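Structures for review follow.
Below are two complexes that have chain A in common, paired first with chain B and then with chain C.
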Partner chain A sequence: MVNKLIKEDTKMFLTGNEVLAYAANAAEAEFMYGYPITPQNEIMHTWCKLLPKMEAGFLQTEDEISAGFSTIGGILAGKRAFTATAGPGNVIMQDAQSMAEMMRIPFVCAVMQRGGPSTATVIYAQQETRLTCFGGNGEGFRVVYSTAGHQDLYDYMIKAFNTAWTYRFPTYVLADGYQGKMREPVMLYDPASRGIKMVPTEKYLLADGKIGVDRKSAHMRNTYNMEEELMEVLEGYQKDYDKMAEEIAEYKEYKADDAEILIIAHGIVARSAVTAIDQLRAKGIKVGLFRPITIRPLAVKPLREAVKRAKQVLFTESANGQLAQMVLEKLYGLQTPYSTLFKMGVGVTGDDIVNKVEAMVKEPATV
Partner chain B sequence: MARTKIVLAGEGGQGVQSVAKILVEAGYEAGKQVLYIPNFGVEQRGGVSIAFCQIADEIIGEPRFAKGDIVIMLSDRAIDRCETYVDENATVVYDSSVCTKKPTCKCKKLIAVDANKIANEDPSLGARVFNIIILGVLLAATNVLAIDDIKNAMELALKKKFDAKPELRTKNHKALEVGMELVKEKASV
Partner chain C sequence: MTEVLTLPPNLPNAQNAEVGASKFCPGCGHGMILKSLAFAIDDLNLKEKAVFGCDIGCSLLSWNYMDVDTVQTHHGRTTPVIYGVTRANPEAVGIAYMGDGGGLAIGAQHLVNAAVRGEKMLIIVANNTNYGMTGGQMSPTTMPGQRTETTPYGRDCSVTGKPAKGAEMVAAIADHEKSYVARASVSNLRNLRKVFTKALKNVEMGGFSFVEVLSLCPLNWRTNNVDTWGRLKTMEECFEVKEFLSREGL
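Coming up: the complex of A and B.
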């Protein structure tokens, strides 16, 4: 059992990376594996700085391939382990993440998106949205929480551990370089004080007791001989995933009830949308926000209802429509036209959105 | 809704991020809503370093903004990079003793300060407190925080150094006041 550092409500002024390290401790995480890559380094730095007080563990591996598989090893041994990565690191960690999907390992990873493709920038982007949801050679049996600031980072990092250990699908906190590096006030708390109980971990391999007497043998397969055998397993996974989706899909709306123009945005861009909406509402323009918090799985029903109510939709992202692609598929059959404001690897400001929405008022979308 | 948006830009190593950290820490301690994003490239030194800061009375939405209320440019390259954050409502401050050119963007007010020259020529100051003079400039130009808020935040950041060498505290406080005076003089002209 680790030492929890936050015992009572504590307001702090931190960077997002620092918040994530504190959140992992609050969630009783016992071990972090990782490899340095900007802009997530300070998660590791902070975790290591806190190590002596937490009585937890840390291993810096030789690369992200190893960091991903080491995390899996720690989890199989019964530890509440996690990792964090970004950009090209997220790309090469996909092999381990795929294995976690296949073997139903409660893998927790914080992704601090940076510009892409390849090395690109170390600053910010929303270009790992698709990769984090659907990377690997599989079907995207993953849960992805997209955060919009430091309170979210704390809340959802804690939640990610419980989602992962409850449903045994890899679970991600998808943030970005802005959130990692920026500093804003945040309330840290002991999850128990909010009625949150951490789901206990278990040794998936090498558990105590005699096989066949005290317990069943553990058989976690990564390889299948027959095509049909694989499909049968994956269909079971899909069923579990769909059932879980109903229980965990989250979203937030802001002034969306009577919105004629509905903005769909996730993560930090959704915050810019809120700024824009307040300015536009002051001018009498009826605009609102639908922000998926779980971008995988999406809260499809409320999403469709919000879109159906609106006269136009605006997708905006710091990527070329990675979320829009996932959302549009779920809107099949609806007639609401849409427009887009995509800035690849660049922050979307409130002003950007104000200008775009005003243009949509003058000249409505037709697509 | 009162919100002040600040862009502070210079060469890596000029202390832009250190100043921004003290400024937002001061805002936080004073009970304001604050948000700060550092922005720099892959280089360890050199390159343009930009700090985006917001200080507000209410919860801040957008983390990145299009146009600043105060834009401070401390090098030629910072001028090139940051004119895009300026509009007709912005106050622009540049260091005329570092920059070899003048910002040409349309703004509400353009203020030239020679902080680098003053820091180097005044024996009671020195090149290392150049950024604190700029902090003073920023404090006077924004007028949302009190000098004591900043002094508090400086203590939080530099207390160990100050206690070891008390003359550093005097030097930094003086630099802060010199910076504030620079803006006040310009305002009265």
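Coming up: the complex of A and C.
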């Protein structure tokens, strides 16, 4: 059992990366495995600085491949272990992430997005949306929380551990370097004070009891001999995933009830949208926001209802429509036309959105 | 009148008796290596502490071979999974089992770094000088002139370099005071069991162990019994069978 550092509500002025380390401790995380890559480094730095007080563990591995796989090892040993990565690190960590998906390992990872493809830029983008949701050679049996600020980082990092250990699907906190490096006031709290109970971990290897007497030896595998055997397993996973989706899908709306133009955005771009909405509303333009918090799985029903109510939709992202692609698939059959404001690897400001929406008022979308 | 004697097979306790016939090809070395390992686990009474990890490739067929807690991983990734376990649970005796491709090609960075960091684990590389599961391609340890599917005219060392010497490399970089590094061969199973016992004991003492085992692949080598044995003897000339690093008390 680790020492929890935050015992009572404490308001702090922290970078998002620091917040994530504190949140992991609040969630009783016992071990972090990691490898340096910008812009997530300070999660490790903070974790290491706090180590003696927390009585937790840390291993700096030789690459993200091993950070991912050793995190799996730690989890199998019964620890609440986690990792964090970004960009090209997220790419090579997919190897481990797909194993976690296949073996239903409660893998928790914070992804602080940077520009892509390739090395690209080190601070900001929303270009790991698709990779984080659907990376690996599988079906995307993952949960991805997209945060829009520091309080979100704290709340959803804690939640990620419980989602992972409850449903045993890899779970991600998807943010970006702006959130990671920027300072904001944030309220840190002991999850118990909010009625949050951490789901106990489980020893998948070296469980209690003697082999052959109290239990059989564990034989964990991710390989199957027959195609049908695999499909049966995956159909079971899909069933579990669909059931879970109903329980955990989250979203937030802002002035969406009477919105004629509905903005669909996630993460930090959704914050720019809120700024823009206030300015546009002051000018009498009825505009609102639908922000998926779980971008995988999506809250499909409320999403469709919000889109149905609107006359136009605006997708805006710091990527070329990675979320839009996932959302559009869920909107099949609806007639609401849409327009896009995509800035690949570049921040979307409130002004960008104001200008775009005003243009949409003058010349409505037809697609 | 003929009397039929039924003798129970001499199975180590750490081997899974329920598994039945081995899934490995006839003449394969994996069964011999695993059985020797299971005997060594018995010798040190480690069944309740051992965590066995196996790689991709033929070694994955050992996923239920042992009667110890087992996890089958990805190609080259057995090492980080197992040190992930032992870092989180220092009581565990971690064993990472892989082929020469898993250890010396796709997972080489993990082997190097686990050795340098002195991870508390035993890494076993079964060296059969080719990729068996995928159909017999050249591996880092393919011998000069050896024919494989990707060196159909024989390995040309001027193009592909010379065979990788895993045990020598690990001995050069591992902590000399806390590591056990050896190369053994399936031609001498009594010695192999002894080597595994020492290697595991070293892990129990908090050290890092590496054992490369020269093994057999008659299917991909396309050799009969006599030639298979001959090939193993040639390998023993190319790859020196000995202890490279040891420590007192093993």
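Criterion: the second predicted complex is superposed on the first by the 359 of 367 C-alpha atoms of A that agree within 3 Å, B and C clash if a C-alpha of one lies under 4 Å from a C-alpha of the other, contacts with A are read in each partner's own complex, and residues count from 1 in each chain.
Just so it is clear, a contact is a pair of C-beta atoms (placed from the backbone, for glycine too) under 8 Å apart; a residue touches a chain by one contact, two chains touch by 3 or more.
All values derive from a computational prediction rather than experimental measurement.
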Checklist entry - Is this a clash or a fit when chain B and chain C both end up on chain A? => result fit
Checklist entry - Is A:L59 contacted by the first partner chain B, the second partner chain C, both or neither? => result second
Next on the checklist: Applying the document's definition of touch, where does A:L206 land relative to chain B and chain C: first, second, both, or neither?
Outcome noted: second
Checklist entry - In the superposed arrangement, does A:M182 touch chain B (first), chain C (second), both or neither? => result first
Item to check | Greater chain A contact set [chain C / chain B] | outcome: C
Checklist entry - Given the touch rule stated above, what does A:D351 touch, chain B (first), chain C (second), both, or neither? => result first
Checklist entry - What is the contact status of A:K362 with respect to chain B (first) and chain C (second): first, second, both, or neither? => result neither
Checklist entry - Which partner does A:K197 reach: the first (chain B), the second (chain C), both, or neither? => result neither
Checklist entry - By how many Å are the closest C-alpha atoms of chain B and chain C apart after the superposition? => result 25
Checklist entry - So which positions on chain A get touched by both chain B and chain C? => result none
Item to check | Contact set on chain A toward chain B in their complex | outcome: 13, 38, 119, 121-123, 149, 178-179, 181-185, 268, 271-272, 274-276, 278, 347-352
Next on the checklist: Under the stated contact criterion, what part of chain C meets chain A in this complex?
Outcome noted: 16, 47-49, 51, 56, 60, 63-64, 66-74, 77, 79-89, 91-92, 109-110, 112-113
Checklist entry - Which chain A residues qualify as touching chain C in the complex? => result 30-31, 33, 57, 59, 61-63, 65-74, 76-79, 81, 95-96, 99, 205-207, 210-212, 217-223
Next on the checklist: Quick check on the complex: what are the chain B residues that touch chain A?
Outcome noted: 1, 21, 24-25, 28, 33-42, 60-67
